[in-house]
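Given below, in the form of structure tokens, are the structures.
The two complexes that follow have chain A in common; it is paired with chain B in the first and with chain C in the second.
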Partner chain A sequence: MLTALLRRLAQTLFVLFGISVLVFLVFFATPGADPTARIAGKNASPETMEKVRHEYGFDRPLPVQYATMMKKLFITRDLTSYVDRGEPVVPEIVMAAPVTLSLAAGGAAIWVIASVTMGTVAAAFRGTLIDRGLMILGLIGISLPVFWLGQVANLVTQARYHDTWMFSWVPGLGYIPFSESPTGWFRALIIPWIVLAVLFTGIYGRVLRADLVAASGEDFMRTARAKGLSPARVLLVHGLRTSMITFVSLFGLDFAQLIGGGALLTEVVFGLQGVGRLTYQALSNLDLPLIMASVMYSAVFVVLANAVVDVIYVFLDPRVRDA
Partner chain B sequence: MVIKTGSSAVSGVAAGPWRTAGQALVRNRPAMSALAILLLVTFACIMAPFYAHDIAHTDPFTSNVAGSFSLNGQNVDIMQPNDNPLHLGLSPAGPTWHPSAYFLGADSQGRDVAARLLYGGRNSLLISFSAALLCIGMAALVGVLSGFFGGVVDMVLSRLMDIMWAVPVYLFAISLSIVTISQGLKIGPFTVESDNLLIPIVIIALVYVPYAARPVRGRVMTLRNAEFVMAARSLGVPRWRILLVDILPNISATLVVLAPLLTALALLAESALSFLSIGVQAPAASWGTIIQDGEGLIYTRPMVAIAPGLAIVTVVLTLNILGDGLRDALDIRETSRKGS
Partner chain C sequence: MPDDLPLLEVRDLSVSFRSRGRDVPIVENVSFSVDRQEILGIVGESGSGKSVTAMAIMGLIDAPGVKITGSALFRGQELVGLSQRSFRHLRGREISMIFQDPMTAFTPVYTIGWQIDEQIRVHEAISRTGARARTVQLLGDMGVPDPERTANRYPHQLSGGLRQRAMIAMALSCNPSLLIADEPTTALDVTVQAQILDLLRNLRHNYGSSVLLITHDMGVVAETCDRVMVLYSGRVAERGPAEAVFRQPGHPYTGALLDSIPPLTGPRPERLPSIAGAPPPPLERPSGCAFAPRCHYVHESCMILPSLIAYGTQDVACVLPAEGHPLPPRAAGAA
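Showing the complex of A and B:
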């Protein structure tokens, strides 16, 4: 088991290394583009160009450039963006992280509750109209482009019905820190949470229903029913527990992607200055140091979550544990 | 359940798996309606030039803010004074619900939204279908190589997929799009301009390869150890022949089921990229770019953004229903869990 864990750790580190090389190559070694000019920004003076070239080692071979970049990112943490008036990059990400974390955590809470309810109810009423209706709702949820849903939500809550009793409590677009006003934080985020949760509720609800239905044919479920347990208990205790395995592993990956900036479209539509939006801005300005930092930040989360899910598997599943 | 499978065995010659699946699909009413709607939307989009020239009489690609159109015999300006009390500023004409004149209204450049919607649909559908096909091709290659040869090949490819999968899909697609669209792409003697539709097609196909390659690899690995493959190997059948004759036909069902689902994902990705103006480039349209055009008008003329959104939802929904139908028809779920 220890070797399994160690092997997983080695893989994790390798994937992280691979991502950093990949990102580095995409942005710093694309043919025909001079990274010095990009980092220094438009109309940079020859002195700045020279300084940047020397600082990042662009006059030296690629592996040295890569090493310099990683050192500035992880060890000295003094990577600065020249496009953005010499702003250090790492604090910018630290500032954006709580926004994304709030968005992802609230959205996740909603979609977990909603999808577990949806999947269980659909499985309990399997084959009936309720089941069909819930599954079609889930399918519609999966089919909605999130940025469009966000716009429609804005249209309803910020304009059309904003002056009525229904949505007068919705503040203008933007983030309100929790430390400033907990209720304001909640009111500013509840609509983005719901919009973000719609897609995942659809996916998870459908996955959970399928797993519950598949589990109902298993021997241990028949045993539970044969023991005379109530159908509700069989479904909720015996069925739900085994069916949550796919759910949990999906959740780990999706949540990590969201924290890593995957909620970018939601952040853009609702004007939340989170990691995703920061990355997007960095990309549109071709702000190379910020791109490098934010993509690495998100990759770290996703890869770690992958590893955590696998480790949980090792603990949960005896077959993996003893192998 | 058991009786059902028994009865078909009695009825003489058994139908082939594809034939059985086709019949099951035709009997699946939701899947068939979805297919009909999908074909209808595709047909409407193909007819875009006809609609623009012969019904709406507009050019949806040039801005026309000073123009006017006639509605029920009256002349209406495309740009109209705002509805606000002071009538400050101008808004484009709203929906007339009249097919011959600005059915869905005008956008901020005075262009016919309905005509743009049809033209945009052409690009959106073309990109998403092509991207899905390309992605399936690449995923099949990766999955087969990985699953069939195993060992070092599998390890290298799987780790590569892990790396790609570790970057959030949209961030990955956006990164690639921004780099290629900002400067075009030069590969040797070939130059790809930044408004070439190949750019979004290839990028979207690429980012979804890990998603599609994983099930293919799994399927190939099961097949590799299946009895009939073992039998072929012990008879000394060469590897390439096993690959072509025994493996490929057996993963085709997996690929067919993936096709509509990937097309749906590709359409959503395309619209997201175009919405961020790094997909289809102006003045060409796609459903995503029209939603972008409509963002500034969302509070005054919401139809500009709502209509393409509804188009996306419709197509993605039908593709998903079709994908579900195909999966049921081809019975792709692991049969081991079916049990009783």
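Showing the complex of A and C:
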């Protein structure tokens, strides 16, 4: 088991290296495009161009350029955005990351709990009105666009009913760091969390129900019933535990995607300065260093999240351990 | 409760499923009994209702629109119509079941030992270590090598034969008085099959359990069972002591099944005789004898559903013996 984990870790490092090379090549070694001009920004003076060329080593071979870039990203962390008047890039990401991390983690906690409950209850009451009601709710959740739902939530909690007893506790739009005020952090984020979780709850609840229903036809479920176990025990200990395997792999993909900036719409609607928003701004300004940095950041999280999912897999499914 | 009563007495058990607004009869008026420490074989081809009969006795059929009528008395307790809550106390403790495919019958994510412990602890107030001690003991009794280590292994790490042994160990963990074995050897290779049958045969001495053995293999019945019941298309074709049925089958279907066993002595036949055609689907079951369309001896009186009549020590649902043309007895040892 330990060797499986170590092997997975080695693979992760290798994949990260591969991604960094790929991203570097896409941005800095595309034939026919001068990276110096792109980093220096539009209408840069010849002095700036010269400075950038020397700083990034664009007058030297590609491996040196790659090493310089990685050094600027991870070691000296002084990669600078010339579009943004010499603003260092890495601190911007470091500022934005906790916002996105808080948003995604809180939302994930809500959608995991809600969808496991929803899927299990629906499967337990399969074919009844409860089942159908929950599945329709899930479908509605999937169909509601996040930006619309977010705006409605804002309208209700920030404007229409903000001064009533119900929503007077909601702070204005934006992020409050956890270190500054844990309760403020929670109050600022609880509504974005719920809005973000609605879509995923619908998807995950429906997927889990389908898995549980499929599992109920399995031989081992019949064995479990023939052993004289209670229906609840059969469903939870044997059915749910086995069905969690698909659930976890789906979760790994979605969670990584959110951390890597996929929660852009939620971030924009709720005025959160997260990674998604940062990437969006970098793209609209063609801010090459910032794009490079945020893509690397996303890649790291996607790969790490996948590694974590694989580790959870090893615990969830003994068959993976021997493979 | 007096000892001369059968352990399980099934009378006129019928099971029908509702499909497209019609009741589809799967099992019709099946009656049989299992005595203490007896092995009863239920034989029939796929779709003859063997497994459905067993599942009905275990209360494991919960499809919507299913109708179970008749009676199944287990130690005097009526099982037909019993609530699921009461069934739970019987299942695994008084009546256990083992299934055809040991590859898929264990939950893949728990160890074998954990799953056997679970069954023991659900039915008895016993400590974790006490349950594990019994699990290891049972696995050892079932001929599992190195039972302590095997208990900590996952199902996918064991061979089919070992898994089936573990399955039997789990079924026996609460000392049930009846073990229902649904094609326990079908998925195993022949040498392992013989070992598992040996194990089942010895259960009555070592554990005092009766066995209801469901199979499609007459050879398995010949090796294992005291009495046998042949099902065809959801109805009883013949039932009686195994020895008598093998010596002189009363029903042409039984005879045809026996013909399909390769002979152990004499010249090897070019091709084994097979029964032409297929059993009728439940909705197209003839109103007369269900076997009539495939029977060599079919004649007019077969158009009326034959009732079970006594024929020697057997009961046969065929008109031939009553009409004075019973099937010829078979050479001893042919089976």
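Rule of thumb we're sticking to: the second predicted complex is superposed on the first by the 242 of 323 C-alpha atoms of A that agree within 3 Å, B and C clash if a C-alpha of one lies under 4 Å from a C-alpha of the other, contacts with A are read in each partner's own complex, and residues count from 1 in each chain.
What we mean here is this: a contact is a pair of C-beta atoms (placed from the backbone, for glycine too) under 8 Å apart; a residue touches a chain by one contact, two chains touch by 3 or more.
Computed from a predicted structure; not experimentally measured.
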{"item": "First (chain B), second (chain C), both or neither touched by A:Pro46", "value": "neither"}
{"item": "Partner chain(s) touched by A:Arg241 [first = chain B, second = chain C, both, neither]", "value": "second"}
{"item": "Which of chain B and chain C A:Gly172 touches, first, second, both or neither", "value": "neither"}
{"item": "First (chain B), second (chain C), both or neither touched by A:Pro61", "value": "neither"}
{"item": "Residue contacts with chain A in the superposition, chain B compared against chain C", "value": "B"}
{"item": "Touched partner set for A:Lys227, first chain B, second chain C, both or neither", "value": "second"}
{"item": "Partner chain in contact with A:Glu218 - chain B first, chain C second, else both or neither", "value": "both"}
{"item": "First (chain B), second (chain C), both or neither touched by A:Ser143", "value": "first"}
{"item": "Touching partner for A:Val303 - first (chain B), second (chain C), both, neither", "value": "first"}
{"item": "On chain A, the residue positions that both chain B and chain C contact, one per complex", "value": "218-219, 222"}
{"item": "Complex contacts: residues of chain A adjacent to chain B", "value": "11, 14-15, 18-19, 22-23, 26-27, 30-33, 139-140, 142-145, 147-149, 151-152, 154-155, 158-159, 214, 217-219, 222, 257, 260-262, 264-265, 268, 276, 279-280, 283-284, 286, 291, 295, 298-299, 302-303, 306"}
{"item": "Sites on chain C touched by chain A in the complex", "value": "58, 60, 64, 84, 88-93, 96-97, 99, 101, 104-109, 111, 118-119, 122-123, 154, 156-157, 167, 170"}
{"item": "Touch list for chain B against partner chain A, complex", "value": "159-160, 162-163, 165-171, 174-176, 178-179, 182-183, 186, 264, 268, 271-272, 275-276, 291, 294-295, 298-299, 302, 305-306, 308-309, 312-313, 316-317, 320-321, 324, 333, 337-340"}
{"item": "Chain A to chain C touching residues, read off their complex", "value": "127, 218-220, 222-231, 233, 237-238, 241-242, 316-319, 322"}
